[in-house]
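First the structure, then my questions, so here it is.
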Amino acid sequence: MKAVVYKEPFKVDVEEVEDARIQDPTDVVIRVTSTAICGSDLHMYEGRTVAEPGIIFGHENMGIIEEIGDGVASLNVGDRINLPFNVACGFCENCEAGYTGFCLTVNPNGAGGAYGYVGMGPYTGGQAEYLRVPFADFNALRLPGEEGDEFEDDFACLSDIFPTGYHGAAMADVGVGDTVAVYGAGPVGIMAAYSSFLRGAERVFMVDRVPNRLELAESIGCVPVNFDEVDPIEYIQEQTDGHGSDKGIDAVGYQATVSGGEEEQPAIVLNQLVETVRPTGRLGVVGLYLPEDPGAPTEEAAAGRLLFEIGRFFEKGLAMGTGQCNVKRYNRALRDMIVAGRANPSFVVSQDLPLEEAPDAYHRFDQREEGYSKVVLKPGS
Amino acid sequence: MKAVVYKEPFKVDVEEVEDARIQDPTDVVIRVTSTAICGSDLHMYEGRTVAEPGIIFGHENMGIIEEIGDGVASLNVGDRINLPFNVACGFCENCEAGYTGFCLTVNPNGAGGAYGYVGMGPYTGGQAEYLRVPFADFNALRLPGEEGDEFEDDFACLSDIFPTGYHGAAMADVGVGDTVAVYGAGPVGIMAAYSSFLRGAERVFMVDRVPNRLELAESIGCVPVNFDEVDPIEYIQEQTDGHGSDKGIDAVGYQATVSGGEEEQPAIVLNQLVETVRPTGRLGVVGLYLPEDPGAPTEEAAAGRLLFEIGRFFEKGLAMGTGQCNVKRYNRALRDMIVAGRANPSFVVSQDLPLEEAPDAYHRFDQREEGYSKVVLKPGS
Amino acid sequence: MKAVVYKEPFKVDVEEVEDARIQDPTDVVIRVTSTAICGSDLHMYEGRTVAEPGIIFGHENMGIIEEIGDGVASLNVGDRINLPFNVACGFCENCEAGYTGFCLTVNPNGAGGAYGYVGMGPYTGGQAEYLRVPFADFNALRLPGEEGDEFEDDFACLSDIFPTGYHGAAMADVGVGDTVAVYGAGPVGIMAAYSSFLRGAERVFMVDRVPNRLELAESIGCVPVNFDEVDPIEYIQEQTDGHGSDKGIDAVGYQATVSGGEEEQPAIVLNQLVETVRPTGRLGVVGLYLPEDPGAPTEEAAAGRLLFEIGRFFEKGLAMGTGQCNVKRYNRALRDMIVAGRANPSFVVSQDLPLEEAPDAYHRFDQREEGYSKVVLKPGS
Amino acid sequence: MKAVVYKEPFKVDVEEVEDARIQDPTDVVIRVTSTAICGSDLHMYEGRTVAEPGIIFGHENMGIIEEIGDGVASLNVGDRINLPFNVACGFCENCEAGYTGFCLTVNPNGAGGAYGYVGMGPYTGGQAEYLRVPFADFNALRLPGEEGDEFEDDFACLSDIFPTGYHGAAMADVGVGDTVAVYGAGPVGIMAAYSSFLRGAERVFMVDRVPNRLELAESIGCVPVNFDEVDPIEYIQEQTDGHGSDKGIDAVGYQATVSGGEEEQPAIVLNQLVETVRPTGRLGVVGLYLPEDPGAPTEEAAAGRLLFEIGRFFEKGLAMGTGQCNVKRYNRALRDMIVAGRANPSFVVSQDLPLEEAPDAYHRFDQREEGYSKVVLKPGS
């Protein structure tokens, strides 16, 4: 089968690889119909991780079941399913408690598995014609409708960005009547804002510096805040009668930059959020922070240690939740919102492309080329 | 009346001061029967804050109502009451939401008021014969029994250390079957461990280096971990099958020291907790972190910015709650536990002393003299 | 001053009564600008309670502060405020826990007080020119803007129907992705459906038999279910793939009728909800059930004992919350939603009338005359 | 293999039956070491259900894995495991949400499956030498130690009575400082009281009429209330300053009797609880209520409809949760409490007996013979 294979920093190819196949009785194999490129794929693409050449990318996958193991109880050939980016067993202590992003079974390297990602276990990615799905009864989310219908790209968002954005809002405990500050208007930040509205937020401030990202945020009802133009802390304080926003979401992570966008300052967004939210506020952090970052500006940052405003954080009695999303906690509800027509996250998708165009798409996406904000690959097309 | 007055760093006196009196119709004045010295009083005593000479100390107060404003609805002269260290109005947005430690009304300097503390509003302390209590209907916790009865010192713990310890356990979401790591076996840490057991913890590890503190922890069922002797991270990992503890509580704060106890390293406990708890764990931080610390070892630390293991924190999907306790959230329940004989926190009280001995007691407590771990002053005696 | 006074069953007059005045230092007096007639006022109006002649009606009140007690800390003459229908002290055990509908201080007859309602304490109603507000710092909700502005009727909904509808959704734990069945399309039921959407419901089924009420429900996005035409249980089961709705809200109460609308059958809605929701579902009951109902069809019903499908309820593992709304739990957030333009509950108001027209309005409302679904009186006009 | 087989009302035999065996790749078979007789087995034994002769009883099972399907990932031959009484798939909507007692996959008759119980799916019971365990990775709870060690009977309580009692306390939201009224001092009621203490209850009132059951309750710290001697409502009101208990647990269900113990009155306990708890209280109902009861005293009761004090329930703003326990929600934590020595539920076990004595044990247990309150069968012995 064909798949997107990592060759070296800044280079992927579409190559013939070994076919995906049933390995355990609880597996299924799907024919992939949609598989998106994620911002976190760029960490590997840019060589800022320890990923080795040969890895098949792709953790935002959906498709049609082609083959089924004889221990699978609830699925049939031909079923249309979406897969969370997390691979999870469903029966370990963490899975049972709903922490499927921290499954203790699937990854010998630590808590939590994923498809096609360095350090996340032995599961190849779905930027390919076929994909093996382990513990399929547990991991598959059933989808109504037909391959390629009007919801295809909405459903494609269920693997990662929609639930991940929602996770930010959930960890920040966004509820009816809340004001929310979201830092970072990439796909996850947009989904965090969108989810905040679904949960009843009164106002959402979106902080970024790229005009077309801010315009997209404004189009869903956010108050845009361009940090090249205003101090976001002051601006949001003013707009909230000097109190600060009730809640805050970090959708940027360690590759944060200061005004102008040139200089990386890994803790700047986190510390801005400490000042942006009001005393007793809560932060949901879905922007990535890593314990090892070879490309970091300082030695401490390279080890994942950042100068954090813990004094102010404590004085204000803040709380924060962090970490990758446990997709299964949210994906049924979000699917139902899509089917009912109350959510259509595919407005963030910038284009659908054949698998063959992946190398070009990676390049343009990595260059932050305008109009390449969220690419969905269509292996069958 | 007599009161404990701050004179200069390392010096308090007992002096005659102006009598406490009704200032607003919603005030009461109590005759103080018990008022404890708190570890956080030492921050002022040592000159590590901007406290000016003349301030009357004391935020852990209880006593008998002597006088009553004519807007007070539920209290009578002669009632025995305990006061939370927080002064709160009861009707602002934060008080309504249960965040009485972050009252928006009582302190012109920011969210949250307290008796006898620098920067916490205009309320004088209770290490005195009498104390004015604002918004008395809201702030007073009624106590059964008689002045000086068997529960006097248990009830004295309700102003701060018992609910503050409990707050740590609550923010860490300690529940039935949890393993908990508490760092810091001072009075608050002991109360955090004690509260963890009340909430159903399976095992509590107590990390400290002072033998008699560890012995006290052991006497209530904790597993003592002396960090001069073992690496607490490794030890607790081993004792929990390599997983780490489910929850963690920081009862040390920014004056943390490394093994040996000499060198301050303000973030060490926080970062040890990041490694101590398991992925998906939660931290409750009640040890103090300040946005300004003139005595800090580095310039960054002096501004409350510490090198925090955010990379590991995120990778493990951790969450943390911080900040001073909202005493009213817990003090009714904890009082009822005392009255029912299911909690007797006064085991942490090291001695009862007359008000006149306050200067000597402060000196010894500040020297960490053995046997001066928690002093309760008795102004009437 | 003029006020709406209950004379005898089916008769109220507008009469001169003693002026509202400050009685306690913590009181304020407002000049009433809006005061709505509530469906529960009809219970008294129809003589189905033990209300004595002479009582002044009105528990949905807002206005401008005219006078202020000297124990009031946060309010000023001229402030525009809305009052929850509950009168609450702010400092008893229940108020502290957020159960302001069950205040232990204000009503000698039991838990919970209200303005102008039999058995709810000594507080006269606000269908009058002026109103005394006890514990004013706690009970007043500050409003922006000016008397009679575009939000006047939206804010008028904050005293009761909007938060009460919201309470139904909150007790049923309605969240993102849920399907909800609301029984009863009166003002509270409409607000329960509206609130369910604010909380992220995927679909809301509204069950009633009056076409214009169902049309109003449909206009806010509900699926209308006319129980004169279809069996609501079967219909909703079909629409939810045979599972039943996730959540259910009873906005009818004990005066429920069977199809056709003639025969009262007090438990019918509650029991229909048991069948309508799916196993593990939750019910929020805001429709009134009373321990004494002189007009009930059976002796048991007259004592508030109804034949309840507890066997099915248990078998399905259902849960339910009941009782009058604790308005303060929700009114800040809902006010903020109004001000931000994300909620405009006044669409349920059928007309604004001068105080003098109250007798006629009561009569028409009691007759369920079309177009008299929610009347707001304007004493000043 | 030998098994306990239901023959006709009031008669079971130990007979040779077909061996338990692997049927699906995700099954295991265990050799049963302990299997308890449950009060709910008596419903079938007494002929008060539609159970047909031939059914093998036993839903409280534990043992050693003998055989393993090839789709099982985490278990090995020789592992010691306990099984929840619920059979659950682990991947349906309800299982994912933690409602394993309402699994949508395992039982064609409705939500929720169990071993050896009428209407709960095709799974034979464990009062036998061997037992087939479906979806074994998900259903098995790993146990430390060795077959027959000191914890054997403690662990045996993990299948049903300990988590079921805990479920009552959890649904009633029992927490630190609460007063709790438990009705029914059978094994589940005792476990509900025991669990209430684990969760921090201040006082637990145990209401029953059988002296030795009340003595057992008193031995774990409960206040015994004999309803043949006092009115439990009045007594508990008096003991709680006229307020009523904070929380209530129904561990009796529909076979409740009035004082004297002769006359069944199915709703009496539920209605007593409505009066026993204070306004804003919560009820956890684990005593069984059935939608069909051929032996009920009235036609309505036979259809599961009981006269319920909904008027008072609503007036007091009560809430209740009901239904069979989702064992997996609690069994890991409770196992850990046992291993840590903080819980030893086996004090409720009245005797261990060989499988062969099951017929006699059923007879004595059904007669409520003193000393036959909780029998654990030991098939291997």
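To keep things simple, chains are lettered A, B, C and D as they appear, and every chain counts its residues starting from 1.
Rule of thumb we're sticking to: a residue touches a chain if its C-beta (ideal position, glycine included) is under 8 Å from a C-beta of that chain, and two chains touch if they have at least 3 such contacts.
Note that this is a predicted model, so its numbers are computed, not measured.
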Winner on C-beta contact pairs when B-C is weighed against C-D: C-D
If over half the contact pairs have to be identical by residue number, which pair among A-D, A-C or A-B is the repeat of B-D? A-C
At the interface of chain A with chain D, does the proportion of residue numbers present on both copies reach over half, so same, or stay under half, so different? same
Taking each chain's centre as the mean of its CA atoms, chain B sits from chain C at a distance in Å of 43
Chain C-chain D separation of Cα centroids, rounded to whole Å: 40
Would you mind listing the residues of chain C that make contact with two or more other chains? 332
Within their complex, state which residues of chain D touch chain B. 166, 175-179, 195, 198-200, 202-203, 332-334, 336-337, 340, 342
For a test of understanding, state which residues of chain C touch chain B in their complex under the given definition. 24-26, 69-71, 73-74, 89-93, 96, 98, 105, 135, 137-138, 328, 332
Residues of chain C touching chain D in their complex? 94, 97, 99, 101-102, 110-112, 171, 254, 267, 270-271, 279-280, 285, 288-293, 300, 303-324
